[in-house]
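Each of the next two complexes has chain A plus one other chain: chain B in the first, chain C in the second.
Take a look at the complex of A and B:
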């Protein structure tokens, strides 16, 4: 019986002109989204790879220079494009990707693409992730809103229920029919993205990301299931297509746009960020006057001089067997580094609090929970970005130590020396780390799934009552 | 329309709207959200104003400290007891330490309504001779995730949320008559259905628009003071927002004229909202990025570094050798920082910066040129999406459009050149590298801020006229269809 009902529902759905148009439009959008994501990630990853190579080549071929002057020429650490940026580019354009490896100052990731974007950027960036987060839910709601409501409006519900068809079978049949159409769209999306990943990375390159991508697809499926169940439940409860549509579209609008933005603004109010001027003022003060009772910079400089003279048993700096300036540089690199580490940690802590506040609001919006899940799985989230920044900073200090050690003995560095400075390479953490970060949104999605299921059961009971 | 008929319709609309609890609830929620959006927008504005206040205070303190320190050194026969790199009588040191001045873009009062590019672009720079932004962060410190999520302001509520409320307000104006069986009664009345529907829609439009402004004006006055009412930007804004609402009412009128079911009307309107509000701007973005791809800023650094390397292969190499090997500078010794070393670095920095600036200018012009081309194209194609059009106009009127930030950025570039012209001769000449005086401190160039929330009234007038024509076309089309249908 369920099979018969499923067949009937599918035929009815696919014969409806509006569903046909919906599917055609959706296919076009999906194709465009996949292409756009592919073009973005391919162009960008190649560009960043080349840039990483070029900047290093420029550094190691800068010729004879004072080592410190040469270190100031520095080079860049570029954050490579995320392995699944084809699917979802997340925060990639918002965080920046260039970290300048230069002495004295802790680097900050610069060149956010979004700074050079037009106002169109606020309408989003169409790729598979955008499609899944914004368009797919609306499609599901447009598909499901009248799956039951139409039976009431046409007056056919009583007729159907008076036949041998049981309410449970009717419910299951309709839910499965909607689920199959939605499943086909999700499968097209998942397989399309997988195909493009294969084209982009080759069979060998696909292996390492396959499991992560599989987890993403599982999350996407869970998300699509919960929305389908929710849509059918609302259709069953509303008993009016228009009302069901207004409720579902309203829920979509609130969940996709309103809740995240509102929560974002509120989090800024609750946990205000330090301003750039305050940040500079504070770090400058701490560098100059110390964070505790270590004394002013001049005082510490004098102590360092005394210590160094004592260490080498000499009375004048000129008599040191090594050059003193690099020793000073390295010393303040470390002490200033502590100040900057503390300042950046405070910024990151505040951002983590803001993000947690926004994520909490996902209890009102499964769309936000899925978006967060997607960011973590594709490694286009803030955690990965911070991880990159930390590794780049560690590399900057490594380079500083190498150069200063050389500078203690030499005043001119040639290309032979520059070539000994290590190149930077970054790869995002693996699946375990990503899943660990994605636990919270995943739990929220599960809660939503259970709630949607509960709502469907309640709606079904009302049908049978 | 006769006055008596209008009165009847008006009463009927008031009663039916009042009885529609769903609508009243939705509308009340949206008005609360509107108040929230205004509050958040004004908070951002106040935050920026506070930051600029801090900058002013900081600037005064730094200038006072600089002058006091110079006076002290001069009083002690040019002896500075501290670290040589902090001695402000060296022009290069002052250029690095207290010399960088702030260039600020004063936020316009209507920024409280449309955040626009102000969430992304810096509204102040600390301008240094070698960098436009001497602060650690390129722009204000903000959480990338929150920027990704985007802002919640008046502009967002008007562009995205209110059209959906208009759809709920209007989708079943005619279809409900059919579904409730009152259509036949209407057909037998002595008024045409087209006129009745137009009248009802007009009344709803008036009530809706009046309710929105009745909330916005007093709340905004409370939050930011009444000065905005005296600006022409505000009245343009009122006209455009009213026009935007009119567009959605006219579109609903047209959709209603097809005499479809309420469900299909709602679906069509929601689809149109999605198309005009999200999909078309997105497709436009894809198209423009293909036609005018915006180069990455990484290209700027590549060009700069290539030029630096080229320079150091020849002239720079000679200069560096000259400076670093000079017995006077004693840099070779690398144990004690000497006055000559400060001078030497001053020369190298100024010379190499000239080379870098020349190299990056080409790449920078290319970058901004491409964004400019995209903006011109958006200006030409914005009529495709009223949501895009309104967003662009609101940003322009609030002083937060890309054009306005770009103008500010260009002004800062010019200011940096002035700063360089002031410091370079002092720090790179043997006779002046350590003669920085209080008089010089007073003569450090200051950024002259100007009003950036300007626009071409003629252009806005043309856009508004086009918009009104579009609305009229939709209404005439709907009216004609209804006249035909009711025959």
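Take a look at the complex of A and C:
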């Protein structure tokens, strides 16, 4: 019986002109989304890899110089393109991709893609993630809105219910038919992206990301199922195509446009961000006057001098067996580093509170929950960006220590020394870390799935009544 | 075959059906006449299980509809004023689908025999129903009833809007089914059709069965007079 219902539903759907055009349009968008993701991640990945190589080569080929001046020559730490940026580039365009490694000051991540993009970028970047988050739900709602409603509008429901078919079978048949069409779209998306990942990374490179990608696909499937169930349930409850479409399209508009923007705005009101001027002023004061009772910079400089003289059992700096300047550089690098660590930690805590606030609003919008899940799984989220910034800062200090240690004994560094300065290489944290970050949106998606199921049961009971 | 025992239906304060008693034998064609809102369609909807009765019982072949809805639905076919079919499916696909829902899987030749009996031309079988006339849809509806091997037919204004030829063809099919033992309960405004096709005629008004006549015992003129008198007296 269900097979019969399924066959009829699929025949009907595929013979409906608007569904045919919808599928044609969807296929074009999906193809474009996959191509965009592939082209973006491939080009960007190559550019960043080459840039990292070039900047380091320039640094280690700078020739004979005072070590500290040579350190100021500096080089960039580039954030490599995320391993699943082909699927979803998330916040990559907005967070910047490079961090300048130079003594004394923690770098600020630079080169945001959007700064070089045209105004059209404000519409968003069409890739697989964007397609899944925003276009797929609209397609599902357009597909499902009249799956039951049309039976009432055409009057066929009485003809159907005057047969031996049971409401359960009718419901299952329609849900399965919609599920099959949606499943075909999701499978095309998932397999298309997988094929492009294989082309991009090769068989050997695919292995490490396969499990993460599998988890992404599981989340995507769950998202598609909940939206399909929701669409069918609304169609059954509304009993009017127009009403069902208004409800579902309204839900999409509110969930995609209103809730995220409102939540973002409110999160900034509730947890205001520190301004750049305030941040600079605060960190300057703490560097100059200390974070606690350790005294002013001059006082600490005097104490350092006393400690150093005592350590080497001499009375004058000129009598030290090592250069004193790198010792002060290293000392203030560490103390200023503590100030900056604390300041950035406060910024990140506030960001985390804002993000948690926004994520909470996902109880009103499954689109937001899936977006968050997608960002975490593809490592294009703010957490990964902060992890990169921390590792780049740690590398900057590592380079400083290497240079300062050399500088204490040598006033000139040659390329032989510069080659000993370690290159920067960042790799995003693995699946465990990503899943840990994705737990909250995943739970919200599960709650939505259960709620959609509950709504479907309620709608089904109305059908049987 | 079809029995209504003190069947009553209320929609809030409105009494749509008032203690209706009916007993329709196998092979009998029973026509319900009455103005709009008389309770004809409500009666059919209760027999089909689309509406629950407020009180009383509707029975099909001895089974109470409200208790054995799944079983009773297997025994009946329903042809409304406009037979609503799936417009993107062909006539044959619609027939295969609805007979399949009733548990019958027929070959194309068997399905074709039902449509032939119903009077649908072969040329129309593989055309989408969206392009069918009302009469053609009615014929598919009859073919569905034949394919379901229904013991009882419920017809709700089935000839409304049909041309005389199509209406006559329809009547012939119902008569043939009647001779095969199929009971029919038909709600109609068409007094002539009721007189010619029905064995018995019930005249309803304001939810009550006001008159019951044997069609052989009355002329068309007497039936018309009785109908108008009943309806006007009750206003």
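Assume the second predicted complex is superposed on the first by the 465 of 465 C-alpha atoms of A that agree within 3 Å, B and C clash if a C-alpha of one lies under 4 Å from a C-alpha of the other, contacts with A are read in each partner's own complex, and residues count from 1 in each chain.
Everything below uses one rule, namely that contacts are C-beta pairs under 8 Å (C-beta built on N, C-alpha and C of every residue); 3 or more make two chains touch, one makes a residue touch a chain.
Predicted model, so just to flag it, every value in this text is computed and none were measured.
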item: Touched partner set for A:165, first chain B, second chain C, both or neither; value: second
item: Chain B versus chain C as contact partner of A:280, first or second or both or neither; value: first
item: Partner with the higher number of touched chain A residues, chain C or chain B; value: B
item: Which superposed partner A:18 touches (first chain B, second chain C, both, neither); value: first
item: Which of chain B and chain C A:297 touches, first, second, both or neither; value: first
item: Chain C-contacting residues of chain A that also contact chain B; value: none
item: Residue ranges of chain B in contact with chain A within the complex; value: 22, 26, 33, 36, 40, 43, 47, 51, 54-55, 58, 82-83, 116-117, 120-121, 124, 126, 135-152, 156, 160-161, 164, 168, 171-172, 261-267, 270-271, 274, 277-279, 281-286, 288, 294, 296-298, 301-302, 305-306, 308-309, 312-313, 317, 320, 324, 331-337, 348, 367, 371, 374-375, 378, 388, 391-392, 395, 401-402
item: Residues of chain A touching chain B in the complex; value: 18, 29, 32, 36, 47-48, 51, 54-55, 58, 61-66, 69, 73, 76, 78, 90-91, 94-95, 97-98, 105, 108, 110-126, 130, 134, 138, 142, 146, 149, 153, 241-243, 245-246, 249-250, 253, 257-258, 260-265, 267-269, 272-281, 283, 297-298, 301, 317-318, 320, 323-326, 347, 350-351, 354-355, 358, 381-382, 385, 407, 411
item: Chain C-touching residues of chain A, taken from the complex the two chains share; value: 1, 4-5, 8, 11-12, 15-16, 154-156, 158-166
item: Chain C - residues contacting chain A, complex; value: 48-50, 70, 73-74, 76-78, 80, 82-89, 93, 97-98, 100-103, 128, 144, 148, 154
